[in-house]
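For reference, the structures are reproduced in the following blocks.
Here come two complexes built around subunit A, the first alongside subunit B, the second alongside subunit C.
Let's turn to the complex of A and B:
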């Protein structure tokens, strides 16, 4: 379980995270939603120890360090692969550094997405780069897979295929924390939704609970975000000076 | 090649860097030849000549070794400086084209990132300094062995240490 207790982060004078408390048990697929700049990426980077922070983050009861960080993998729209290496060379690199690396999963996903194994990743299309980034995150053999906007730039068919494959290949002990703007698209795929706004967790709900309440995810998010439906009409009225 | 690729940033054009490095070593060697030119000129000035032979001048004195050495080994420091820049560029490479620094920072081996940035340039620096030192010793040996004893200025060993330290 990943556990965050009172995690705060100040970034260039701005409070990026404010006393975040969150637990991510094993085996869950969690959607992390929020507007741009809400703190989704910062939250993930704090978990990964890429940013210093105040508060406490533990992984299966232990502070996150080099000893246990292999339990975490990360796929990001910024991409964390080596652009000059081929997928084949990445495979060798991952095998060398991660004992849990799943060659079978890597090869299977490479074949599924029809990615060339011997072409430098820098020559891939944006969609292919995203796919490859996620393939690496899924193949590392981590228990907790953090995906930050992994599908930015992919077409809808690609994304749908990916959700299906992901649901099919995940082991019961694997946890996915998925940050995305594609709320409706992932609503059937996630088991839990966490909402973050201006660095604070403003919503945390299981999809089964929403179903019981007869509410869809988008409605829940809008209510948690205090979305003002009339703000567009108001803005247009102000701009056009209409009565 | 495996040693080099395993100790350089993944995907770096290591062969190109190695070529540059050996080019740098040749540059060090060629640049240092300035000492031999200055030494041979100074050596010739120790002698007077007549039509058939040459003979040592009575007041002949070889210039100090350090004066003849001048900036002959300055190329070593140019190469060392370039290799220090290489270390910075190696770190920067993990931010170029992607953020592979995220992967490097979460590898179980905490030294992997630093090793891939520092080791090869550090070996290059050590190699350059060793070559510089070897050339210094060779040139000093030439100076001491070729210069006639009575033309040698005093305290050359001490002055050599001052160059080294």
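Let's turn to the complex of A and C:
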């Protein structure tokens, strides 16, 4: 279980995270939603120890350190692979460094996405780079897979494929924290939604609870964000009104 | 062991082509200089290396600075987004720094080797095709050059043990400073003090034969810098 207690992070005087309390048990697929700059990426980077922060983050009861960080994997639209290496070299590198690396899953996903094994990743298209990034994150054999907008730039069919594959290959002990703006696309397969706004958790709900309430995810998010639909009409009226 | 080798390879692949490029640049520039002074100006090989007019030292200095820049700029595998992956490896930052130092050492040794080889090739070609072609004493004359010219003697100090030690300590110091510079760059802290070590290298190439005291000063200076950098890198600094 990943546990965040009163986690705060300040960037150049601006608070990026404010007293975040969050628990991510094993075996859940959690969607992390929020507008640009809400703190989604910062939250993930704090979990990965990439940013210093105030508060406490534990991984299965232990502080996150070099000893247990292998339980975390990270797939990001910024791309954390080594651009000069080929997928084949990545496979060898990951096999060497991550005891839990799943060669079978790596090979299977490479074949499924039809990616070339012997071409430097820097020469891939953006879509292929995103796919490869996700393949590495899923194949590392981590218990907790953090995916930060992994498909920014991929087409809808590609994303659809990924969602199906993800659901099919995940083991019961694997947890996925998926940050995305594609709320409607992921609402069918996530088990829980966490909403972040201006560095604060403003909503945390299980999809089954939403179903019981007869509410869809988008409606829930809009209500949590106090989204006012009439502001568009108002703005258009203001812009088009003749004097 | 393979774990460490794979990280070593990762460090190397960031800069290996640039390093090869620099070595080619060195060979090409030295070749052009040798052709100009020997074939066009008929300066004679002793004059060419001894007078300093031919600027072999300047070319080496430029390549030297560029190589240090490449090591500093490309050596840090923690920087950039690939660093997100490196930080999840079980291998410690201190081990990575050691590998980086080893790689830098290898680069400096290769630079030294290539420079000596280029000079040997220039001499060999000169004594084979130049004005002394066929002279049975040409081999001896060639070795005499390494006593006469401060630049050549600094590169290959022959039987002067202290100068060899100074050269080895210099390579160690440069390798450590370049690795430490990448850390300072990552931490966005100034590394201006590390320039002292690089400037001291100028003294190395200005040594005359038998500069005993200068060698002792150079070795002492480099050892102090090495000790300070190692203490800061391996004992004072927190792991990333």
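Keep in mind that, in the parts below, the second predicted complex is superposed on the first by the 239 of 243 C-alpha atoms of A that agree within 3 Å, B and C clash if a C-alpha of one lies under 4 Å from a C-alpha of the other, contacts with A are read in each partner's own complex, and residues count from 1 in each chain.
The rule is simple: a residue touches a chain if its C-beta (ideal position, glycine included) is under 8 Å from a C-beta of that chain, and two chains touch if they have at least 3 such contacts.
This one's a predicted model, so the numbers in the text were calculated from it and none came from an experiment.
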Side-by-side fit of subunit B and subunit C on subunit A, or clash: clash
Contacts of A:57 with subunit B and subunit C, given as first, second, both or neither: neither
Partner chain(s) touched by A:97 [first = subunit B, second = subunit C, both, neither]: both
First, second, both or neither for A:122, with subunit B first and subunit C second: first
Touching partner for A:110 - first (subunit B), second (subunit C), both, neither: neither
Partner chain(s) touched by A:79 [first = subunit B, second = subunit C, both, neither]: both
First, second, both or neither for A:70, with subunit B first and subunit C second: both
First, second, both or neither for A:4, with subunit B first and subunit C second: neither
First, second, both or neither for A:134, with subunit B first and subunit C second: neither
Subunit A residues contacted in one complex by subunit B, in the other by subunit C: 48-50, 66-67, 69-70, 72, 74, 76, 78-85, 93, 97
In the complex, subunit C residues that touch subunit A: 2-3, 6, 10, 13-14, 81-85, 87-92, 239
Of subunit A, residues touching subunit C in the complex: 48-50, 66-67, 69-70, 72-74, 76, 78-85, 92-93, 96-97, 136
Partner subunit B, residues of subunit A touching it in the complex: 48-50, 66-67, 69-70, 72, 74, 76, 78-85, 89, 93, 97-98, 120, 122
Residues on subunit B engaged by subunit A in the complex (per definition of touch): 9-13, 96-103, 105-110, 112
